[in-house]
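The following pair of complexes shares a single chain, subunit A, combined with subunit B in the former and subunit C in the latter.
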Partner chain A sequence: MEKVRISLTQAQMLIITSITASGHLLFIPAILNHTGRDSWLCLLLVVPPALLIAYTVSSLARMYPGQTVIEYLPLIVGKLPGKLFAVLFLFYFFHHALLSVRGFGEFFTIAITPDTPILVYFAAILSLAVYAVRNNLEVLARTNQLFLPIMILVGLSASILTHKDKDFHNFQPILEFGFEPVLQGTLTLAGLYGSFLLMSMVFPYVSRDAKSFKKSSLITMIILIVMFAGPLTGPVAVYGPERSIGISFPTFQLLRDIRVGELQRLDVLGILLWSLGSFGKISLYLYSISLGLSQLFGLKDYRSLVIPVAALIAINSLMISENFLEIYRFLRDTYPYYSNFMGLLLPLVVLLIAKWRERSKRKDGGDGDVQETAQTQTG
Partner chain B sequence: MYKKLRKHKRVEHRERQSEKESPPQDATDSADATALLPDLQENIKQFSERFGEKSDLVVRRMNTGDDRRAVVLYLECLTDETLINDFVIQPLQKQFEHWSVERHDLPPIREIHLSTNQLNVVKSFEECNEHLIKGDCLVLFADSREALAASTPGGERRAVAEATNELVVRGPREAFNEVLQTNLGLIRRRVRTPNLQVEKIMIGNLSRTPAAILYIHNLAGDKLVNEVKSRLAKIEIDGVLDSQYLEEMIEDRNGYTPFPTIFNTERPDRISAGLLEGRVAILVEGTPVGLLVPATLPMFLYANEDYYQRYDIATFLRLLRTGTFFLSILLPGFYIAVLSYHQEMIPTPLLIAFTGQREGVPFDIAVEVAFMEMTFEILREAGIRLPKTIGTAVSIVGGLVLGQAAVEAGFVASGTVIAVSATAIASFCTPAYEMAIAARLLRFLIISLCAVLGAFGFFFGIILVVAHLNTLRSFGENYLSPIVPFKRSGWRDLLVRVSWRRLRGHAEENIQPGENA
Partner chain C sequence: MTLSLVRRALLTAALLVPLLLSGCWDKDELNELAVVIGVGLDKKSDHNYEVTAQVIKPSPGGQGGGGQGGGAEVPTWSLSANGKTVMDAIHQLNKISPRQMYWSHLQLIIFGEDLAKEGIAPVINWFERDRRSRSGTYTVVTHGTAEDLLNQKIELGKVPAKAMADLLETSDDRQLSARKTSLRDLLARLSTPGIDVSMDVIDPRKIRGQVETYELTGTAFFKSDRLQGYLTGQEATAVEFIEGKINEGVLLVPCPNQPDEWVTFQITQIRSRLTVDAADGKVKPKADLQLEGNFGDQTCAADLQDPKDRMRLQEDIEKAVIKSIQTAYKQTAELESDLFGIGRELRRRHPKVWQQKNAQGWNKQLSEIPLDLSVKVEIRRPGLIFQPTPTKIK
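Right, the complex of A and B next:
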């Protein structure tokens, strides 16, 4: 297999796409549902946990350069527990993929073409993802590198064009219902940022030295937080707290209500954002799951797994829930705890074990490479 | 299963190759069969057998006093007969007279002087045949196992003329012709550095077509040059009649793609510009089309005039051209998607007008557009190979009569005619013909996707095409470079062309093949 190398910027862009794509579509309503008009406070409160996630993932990648999380887990926690952890992480990725594929399909069947069966959209987006992933990560990274600036441009212009409709008095009074709803919303947002863990499948292929990962990850996280400022505050400012909660896709509704001269109802912009974004996100997940599975079972090439995994995703995203409301309720009630456990807590534990092992090894007098010591430990 | 089949084919191919190689091997085994014979008559007989009794091989016998004789052989269609007369036959006669008076013998072959450009001593029939085919004339002597080959090139060739396909308002007008020598001269005259390397090779088992690899020594990367050489060396083909043969045989194995990954042009200035950017050019005898590698997508959207005009105007035109390129692929699909799935986007008065037009049209919009596009493709194909005088008739019948009548008959809506003809005109803006063809194919892909999936189909198509473009490579260079992977230096000459003052350093940084990500 040829050597795959992507640049650090491309890796950053991949993760930005994969978190914002369905984040802006599916998670905004869940967060708004918790917080109402205080949604902007979440952005401030989420900074520490988000940075912690970025720090954890990048430190691990730095300690084990050239290896994915599936590969270095057994080195840290031992062979069998490592495999167990790997299965957990892969399940987490898989679940995320299901959510985003289902969310993508629901978006189209609810908002755009109600008569089309949802499976059509699953098949379409997954076949694109299969095409990109079966080529290699480079193709995916470059395609996304071309699309992300376009998406950001559309997003920025959307927030500028809606500015005249925004009434910032809608944010008053602050903390009408106390701190608890805001904390709930922050937890949801932090859970979303937990999927930053996906970067640990991409880092090994970044051509840059592993030392720069930490700084760039923190920067990426800050960019991600800034990118949620518009979508989180926009619906509240335009529609008011009560109405914005009732809309199933508030950000899409915002785009729809843009009016520039004779041009109106720019659904196409929304379709652009969420088809290009979902393509990046779903491909990245498909890639990570296939690669992770192949590493878990010691296969040489992940390509043979891509189509089966895609098929599994398509079927399971149908079975994951009865309807969109169920997903929505899951995202609101269960997801924050589940995702924070998987995306923040587990990696943090793994990092602590790794650090502790490194330190104990140093105390023993071995000043050698971390990776080497870890390998000797597992045999 | 498929792999097995391919392997089988490959084995077959190899067998066929070895068969092809075997006859010459047999011939070389018996060295006497190929070496010239001491008997002159026998030699002549051999040649006339080889080329046929009544062929264009001219055998001019010369008496040289006594019984000893010499013979001049040449192919009349490939040589210049005045050259042969003035510089081969006359000098020979003079020298023979001189010799036969003094020594009553023929001079040793190496002491005969002919005033042609090149003079070689040849010993075997193989060599002789090669020289004859090249347009040299052979002088055979009695009682000698050696012969002389003097270069006397001739034959009809086209003069260097104005470019017919790649026109410019301002800039050099010369185009290549079919003669490799002339073409090399056109380039040498533009790039006057001894660093310009010209390597001649021979391609084609039967056609034995000369070709040349050109590059500037310090600018083109060694890796690239070696890659080009090795790919050309691997070619196994009977005949090469146009550079397209080579193009298909040396292009990267990207799997199926409608996009050209090797640039071709008929303009020496374009090739020279490529050389100055560090690219490698390939010229082939017998065709006015030269090749340039590596080629990236933006190259196909540049016109050479971009560099001969003021940079601000050039930039405007380049942006226009890029825009029309996308239009030529996307417009009909977008029209279908919006009109059949997203009518709410259209301003109401316009929507009413559109709906009014389509009142009497029984077909779906997608069917309408596909029908008009096909009609247009047929018209275009019909127009290309017709004589120019009839060509205008086709455009009148097609454009005016068919278009208008179709609308009036309620066959298509006039909106569709506008969309299709706007697309057609946009597609004429693409400077590279190969890229315009690729766009034509992709247009149908987008049309069918939009007809099925609406706006999502539109973006589906875009994602598919962009992802596909990202899989492409041309001699190690990414096809979309420098857009992705992003290279800042490349952007000075991408969508905008900056002034030559700031573009100067461009060449050296431009091509670093093999550099990924």
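Right, the complex of A and C next:
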């Protein structure tokens, strides 16, 4: 096993990038479509499930320090079911990688360069990701540490520059159509936060003591929720609740429409934002899938898997759907249930089993070999 | 000397890289483009729209002080074509334009009167959908056809569409209060229930017998996407008053005690608040306006420093504002256009009442709803003189 060490801050920054990058681009329209004007309420309602996700992932990492989710799953649920769960989780990561590569390509093809084949964008972002991933998690973490502050600055400046166009009366009346749409939107948002599970592939390489994971995960989640406040409220405040629903990329549209004196046509900010973000996100997913696969099959090094996995991602992200509308509809209608099941429910079940095992082991007086194997591997 | 394998590989790679740099799919060369600066949309016959695009003619280098008097060549060209949709018409335009039309610098969209009366929703779709569109593009209505408006030769400014955009853009500096409806405002209003669109009207203006410039002739008001009528004169600024958007403006009121003489009041600040009360099921809209401004001009000799006269003048200004807004409101409400967004405000405050009223057809009920107005005017400053120059002859 490689001796890679990243700091806790770097780990937090990695997950922030990977959730906000396509979250801001692809998920905002889905949430707006469900909830429209009341979308900001989702941010409040999503707090409990989001914190539960953070708690689950960090608790598991704390119980099995130094191990990724693929490694400790067999220790919790048994060898064969553990492998099965691991395959499910890897599929979940893989699917996310597909969506985000495809979303990245579609964004450019729809909004910026319609004549350029989408494969060009897949190839560009994936070769960068391959290069970064083969250079180790440390490199990835450091690059992202450099990029994320830029992205946050761009995001903040966008929300400041659009402020003069915002009419906050657009949020009235609250809950005109009752609570149901808000719950739908909350479910979508919670599903997006479900990809926090990716952290379980990163935690083992954090140099800090595993005890600090729980607190930092909760803080990361709060930061993530706050980071969605601007993109969720902006389109409604600027375009009105009715119009904001039908826009393909509302947040990009906001950037396009910035006009402060001679400062206008800031499309390039959007391109910068989603290129940097997608790079971080896709690299992290590529890393996690390669590492997970190598651990699943007991390979010594994940590096040999990086290029094949990247090729699979490129091909499958083309095959994942016929057109962009299908992706949008998937994110809107299916994804909330799918992702909440995979990212929230499954890990929670795994955590409960792990807790129960730990307790029964304690009752038996250290008889269980499960915990023992875990400790030997930690050392 | 022999190169090592690594070096050879690197060299090959370095030689291959330029192959990739030869260009990209989406390049646009400036000398292959025709920059569209303004577009006019007209109705030709049923389901047939005419699109007139005004493009800038590429000029060969600097024109070297070539002011050849009044007959200088117009540096623009307007080309028109018909189509079932806007994009279809543009497709037809492409057949006659040797250069690719470039829409990113579109400044102005003009709706001809006939089209505006039939409804503008079918023709704005393309402007939203196309990735080159800009939501800051101004939208205006003209009494005649848009094609005709774009094909005028004007004195101040060489590019007609740009001149019209400037007419709107700098209206504040010229102490006018134009609506300045951008594509984004237009779409936001069209999609929001309980508020209707209004746009500036621009017409060609004849001076000394021939068209020499453009004129802002008022405000066109819509019901949904259909043109209902025009507000002219003082009434044209009613929406600006209600929305509190008048940054600079001028009001004409009679001198106290001398109805034939006039005082001009310059608005410098406005605060406005529209509230709708529907506590007992009856919709009661109320607008509170606070105006601040200065003396601009007067024809009467009266010394307006006297507080009594000033008070009276303030009251007269208040009355004038109320009259213009009420006239505009009556006129628009009769034609079922909710220009001030009373429905939207009702929905925000009393969603239940709104749903009920909306089910019965909100716009039809407008004419039965009286608008309560309260205007407060403060005259702050007299300019550089306190009173008019005392002349000996009275």
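The working rule: the second predicted complex is superposed on the first by the 365 of 379 C-alpha atoms of A that agree within 3 Å, B and C clash if a C-alpha of one lies under 4 Å from a C-alpha of the other, contacts with A are read in each partner's own complex, and residues count from 1 in each chain.
Assume a contact is a pair of C-beta atoms (placed from the backbone, for glycine too) under 8 Å apart; a residue touches a chain by one contact, two chains touch by 3 or more.
Quick caveat: nothing in here was measured; it's all calculated off a predicted structure.
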{"item": "First, second, both or neither for A:Pro173, with subunit B first and subunit C second", "value": "second"}
{"item": "Contacts of A:Arg243 with subunit B and subunit C, given as first, second, both or neither", "value": "second"}
{"item": "First, second, both or neither for A:Glu138, with subunit B first and subunit C second", "value": "first"}
{"item": "Which superposed partner A:Ile271 touches (first subunit B, second subunit C, both, neither)", "value": "first"}
{"item": "Touched partner set for A:Thr113, first subunit B, second subunit C, both or neither", "value": "both"}
{"item": "Contacts of A:Asp301 with subunit B and subunit C, given as first, second, both or neither", "value": "neither"}
{"item": "Touching partner for A:Glu326 - first (subunit B), second (subunit C), both, neither", "value": "neither"}
{"item": "Subunit B versus subunit C as contact partner of A:Asp209, first or second or both or neither", "value": "neither"}
{"item": "Which partner, subunit B or subunit C, touches more subunit A residues", "value": "B"}
{"item": "Touching both subunit C and subunit B, counted on subunit A across the two superposed complexes", "value": "112-113, 120, 264-265"}
{"item": "Subunit B to subunit A touching residues, read off their complex", "value": "338, 341-342, 344-345, 347, 453-456, 459-460, 462-464, 466-468, 470-471, 478, 480, 483-486, 516-517"}
{"item": "Interface residues, subunit C side, partner subunit A - complex", "value": "24-26, 131, 134-136, 184, 187-189, 191-193, 347-349, 351"}
{"item": "Of all residues in subunit A, those that touch subunit C in their complex", "value": "110-117, 120, 169, 172-173, 176, 238-243, 253, 256-257, 259, 264-265"}
{"item": "Interfacial residue positions of subunit A with respect to subunit B in the complex", "value": "5-7, 9-10, 108, 112-113, 120-121, 124, 128, 131-132, 135, 138-143, 145-147, 207, 262-268, 271-272, 275-276, 279"}
